[in-house]
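Next, two complexes with chain A in common: one pairs it with chain B, the other with chain C.
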Partner chain A sequence: MSGPDHDRLRAAIFEAITAIAPEIDSADIRSDQPLRQQIDLDSFDFLNVIIRLHEILGIDIPESDYGELLTLDRAVEYLARRCGSGDAGK
Partner chain B sequence: MIPEVISKQPIAGKCTPNLRDYAADYARFSWADARAELSGLPGGGINIAHEAVDRHAAGGRAEKVALRWLGKDGTRRDYTYADLRELSNRFANVLRGLGYGAGTRVFVLAGRIPELYVSVLGTLKNGSVSCVLFSAFGPEPIHTRLEIGAADVLVTTETLYRKKIAGLRERLPQLRLVLLVGDGDAVTTEPDTLDFRRLLAAAGTDFQVENTSPDVPALLHFTSGTTGKPKGAVHVHGAVVAHHVTGRLALDLHPEDVFWCTADPGWVTGMSYGIISPLTNGVTSIIDEADFDAERWYSILRQERVSVWYTAPTAVRMMMKGGTEAARRHAFPELRFIASVGEPLNPQAVMWGVEAFGLPIHDNWWQTETGGIMIANYAAMPIKPGSMGRPLPGVEAAVVHLTDDGRIAICKPGEEGELALRAGWPSMFRTYLGNDERYRKCFVDGWYLSGDLARMDEDGYVWFVGRADDVIKSSGHLIGPFEVESVLTEHPAVAEAGVIGKPDPVQFETVKAFVALKQGYEPGEALRRELLGHARKRLGAAVAPKEIDFLPALPHTRSGKIMRRLLKARELGLPEGDTSTLEGGT
Partner chain C sequence: MSEFRMPSLGADMDAGTLVEWHIQPGDTVKRGQVVAVVETQKGAIEVEIWEDGVIDRLVVQPGAKVPVGAVLAELRGAGEHAAPAGQTPLADVAVPASPVASAPSSGRQKISPSARRLAQELGVDPATVQAQATDGVISRADIERAAASNALPASALPDAGDWRLQMRKAIAAAMSRSKREIPHYYLATDIDVTAMLDWLAAENAKRSVAERLLPAVPLMKAVALALREVPELNGFWIDGEFRPSAAIHLGMAIAMRGGGLVAPAIHDADHKSCNELMAALRDLIARVRGGRLRSSEMADPTVTLTSLGDQGVAQVFGVIYPPQVAIIGLGRIDGRPWALAGTVGVRQVLTASLAADHRVSDGHRGALFLAALDRRLQNPAELDMTS
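Now for the complex of A and B:
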């Protein structure tokens, strides 16, 4: 699945990640592999990425859903579902 | 409402605590009795790996699960005490076979994979010194530690080797042997390395444990100071007496326990209580390869029927963020005792344990240098939330200050001073590798000075006040500002850098850097990101700053040292204190 919405979400995820880990080149990230195996994020960094995502997209991500953000592909799908379900802020 | 004291009642249907009456048990304790709980070697020596593994493998616990390893991908693997004996014997034989005997230094850089545990135990059996490095370190902290530690052998993974080590080999002439754990099943092919698994499979399963005497070096742990490079604290085989008995008393380990220490063996907690103490106490120890994830952790506590759980304040506070409902969705009927270490546990976090698990969280205190828990809250002793508890039996602790003539004076109850321990407990460090002078400076009048400021109340409970120096406590790790500043000043734009610990509700302190730029460079978001990325690549996420601010210039003392204390006071909007030594100051 892709489309303008998915591209926007993908860009938002990278925006959030590079705010915390600016050394990351989005071209190096394999979207089907676990993000935290490719990006050096400690637990605190990961939490900050989620906070950034919330700021950018206005979506609350409950802790029990963190597992949905394992890979870039899964994160995009998850955020798309959350946007679609109408509980996104914008 | 947070009570001043949480009193303790026996938990119905649970075992009786090992330490039942603090005052009586403290008075009765002797290190000789504690030593007698272990078996020692036939040749008269004592060896950590023998006490941890072989002693049980030769007796009734041979087929008991010693380590239960949980892989990131959901794999679950059990290792009995007999399995561990065989695997560690194999690794000891690998070292011997390649010519690495007693006294050689064997480092491990890996995530929490089974090979790490096998390497550490085999290294100890061989009489070699074991040092585990935190796998999230960047190349710079790794290089510094391999160099100071004069590593002869390194066990690491194929991925970590390519990412962090291959580029350092030329700068590490002493490092003669690198063993790689492959990412897949294929034999590794990196030049100048050997394949760990292939060697292990070909090695013999019998090994006679080196007859190490109690004062023979066994473990090396790096810790950070305010100035200069990290310090390599050396611990000896005799420390196992403290590893064992502190696990029994402070963590209340009983042989039937399932114990989970969440610390990584790259930090001293993950070695003393993630490897050694649970094994010497004959329990089943859980190892989770994955990083912190609240949901995963609740599942592990429940599914693995963890009865004793030793974790860190940062993890507790991150779980608190998710709310108690997340915890209450699970049931933890086996969980009996929760302890925490790394930085002071705030009273709210102690009480959150009661709300989420029905159990308060027991804070305790110790350091890399002390090798084991020194001050603790015990299962059968009332907790004063916010206090680290009372000294372990066998440990004499006091809050002290130095008199004008450089002697130790013990503070009155309630008075602030430096937390000190009477020298001589078995797991006390024996030197800083290659820096005995710095080691000796830690001791005055037979007391070890911890560098932590504290006070002791009238009931003998100790309360953390702060650090006596600029070392940063963040997410349970000690971070030396100098190591971070050095990497920042490597960047061509940076004239100088000052690094502080900024108070943080989750991390306790977060690493914050202030930089002054060289002429021709302008502060801005792009440069800030570049510096952040530079620091993260060189140091790794665990050590790199989380925040960087630009300043036109940094405050200095007249002797030219950056005044971190002043940077911190300004950051917090606090009074600047004594600035009489400030360059150009009043």
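Now for the complex of A and C:
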């Protein structure tokens, strides 16, 4: 998977998070640490992040895959797989 | 002729400051319409009117602080004539009521990271700053303007800067009164919610991402239905006696960004479907965090539900919000060893608690409530029905 694609996905995740929590500074996020430990997101906020990612990327993330979004790094890998597997846009 | 008065938005409120009118003399108003914004210790609240009519006169001007019960405006019924003789009765003019002002429901406040740092340096609370740019994002310039105006003498409008302090005081007053006056008793039980989560997962798998339900939704419904079975947990203690409520208005304890909390009501929670509850919860949280609450939501919860499971706590024992008589607490859901039919397996388990007013109910009745909650959660498909 190419670097630019990962950068695009990383930017999309930040866009989704800052839409919910605008006070977040992306430079403060450690990409290998659990996101919800670093950002005060409750389950309602988290659902809104998923909805926003769906709007930006067109990927409907099933509830059973929420565990894949634990850290920023893992979320980028997961979204890259989903984009590459041909079911993006649905 | 009738009068529109400053409402009481909680046991701890004795006065409020009128921030703005959404109406003018001559306007036709409908029952339930938001007509004014009032600043209280709980923040700015949209106030509804509970009568149809035509506004005759605005008695109180924006900026004025008046006690609960003070006349804010005078209105007349649709058939009545205006007070000044010779004037055309405005009620006859077929003008639709002015639309209910919609709250800005953008969720959290938008502010750039550098503006946020500047706000910290200058001691400006970003929550009090208005963005000038059309995109609504607060910039460094907005913060600088706010810092400059903070140096000016206080205006007639409430000093929004000490709003957090005011809210802290309001919580302190209500909770001190609760602990002083209400003889709480506390019960807790572990509930196997595997069936509920399985039902929810199957339900959500059928739904698009925007239509999914949170676990909070079937939990709210189960709480509301269980309250029907033990009515002495739902209502108010007023003037030395219990006044039960036929309606179940579930107060949802919602944390506010940067501290503080409010517990506005979801009305008639026991009659709502899961979709309706999810929509109501979504609307309420968006307005708690980004916009404004309405007076009816603040004034009339009949019982409170607090849920701290997202924060990882195992259980929460609430402090009753007077004059209510009970608060239900839900902890986190996690896999625990659980004995079932003679063997130990792993089940998804939640600890539910009840704090209730011993003047109104006894532990036995409280225990029946928790048992009813457990039973309701074992039949999750029934939770989605409306009745």
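What we mean here is this: the second predicted complex is superposed on the first by the 87 of 90 C-alpha atoms of A that agree within 3 Å, B and C clash if a C-alpha of one lies under 4 Å from a C-alpha of the other, contacts with A are read in each partner's own complex, and residues count from 1 in each chain.
Here is the rule we use: contacts are C-beta pairs under 8 Å (C-beta built on N, C-alpha and C of every residue); 3 or more make two chains touch, one makes a residue touch a chain.
Remember, predicted model here, so these are calculated numbers, not experimental data.
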| item | value |
| --- | --- |
| First (chain B), second (chain C), both or neither touched by A:13 | neither |
| Contacts of A:72 with chain B and chain C, given as first, second, both or neither | neither |
| First, second, both or neither for A:22, with chain B first and chain C second | both |
| First, second, both or neither for A:83, with chain B first and chain C second | neither |
| Touched partner set for A:63, first chain B, second chain C, both or neither | both |
| Partner chain in contact with A:54 - chain B first, chain C second, else both or neither | second |
| Set of chain A residues, in rising order, touched by both chain B and chain C | 21-24, 42-44, 47-48, 62-64 |
| Contact set on chain C toward chain A in their complex | 107-111, 113, 116, 126, 137, 201, 204-205, 208-210, 212, 214-216, 255, 257, 281-282, 285, 310-311 |
| Parts of chain A lying in touch with chain B, wherever the complex brings them together | 18, 21-24, 34, 36, 40-45, 47-48, 62-64, 66-67 |
| Chain A to chain C touching residues, read off their complex | 19-25, 27, 42-44, 47-48, 50-51, 54, 60-64 |
| Residue numbers on chain B that touch chain A, as the complex places them | 72, 136, 138, 291-296, 314-315, 318, 321-323, 326, 475, 506-507, 510, 529-530, 532-534, 536-537, 540-542, 546 |
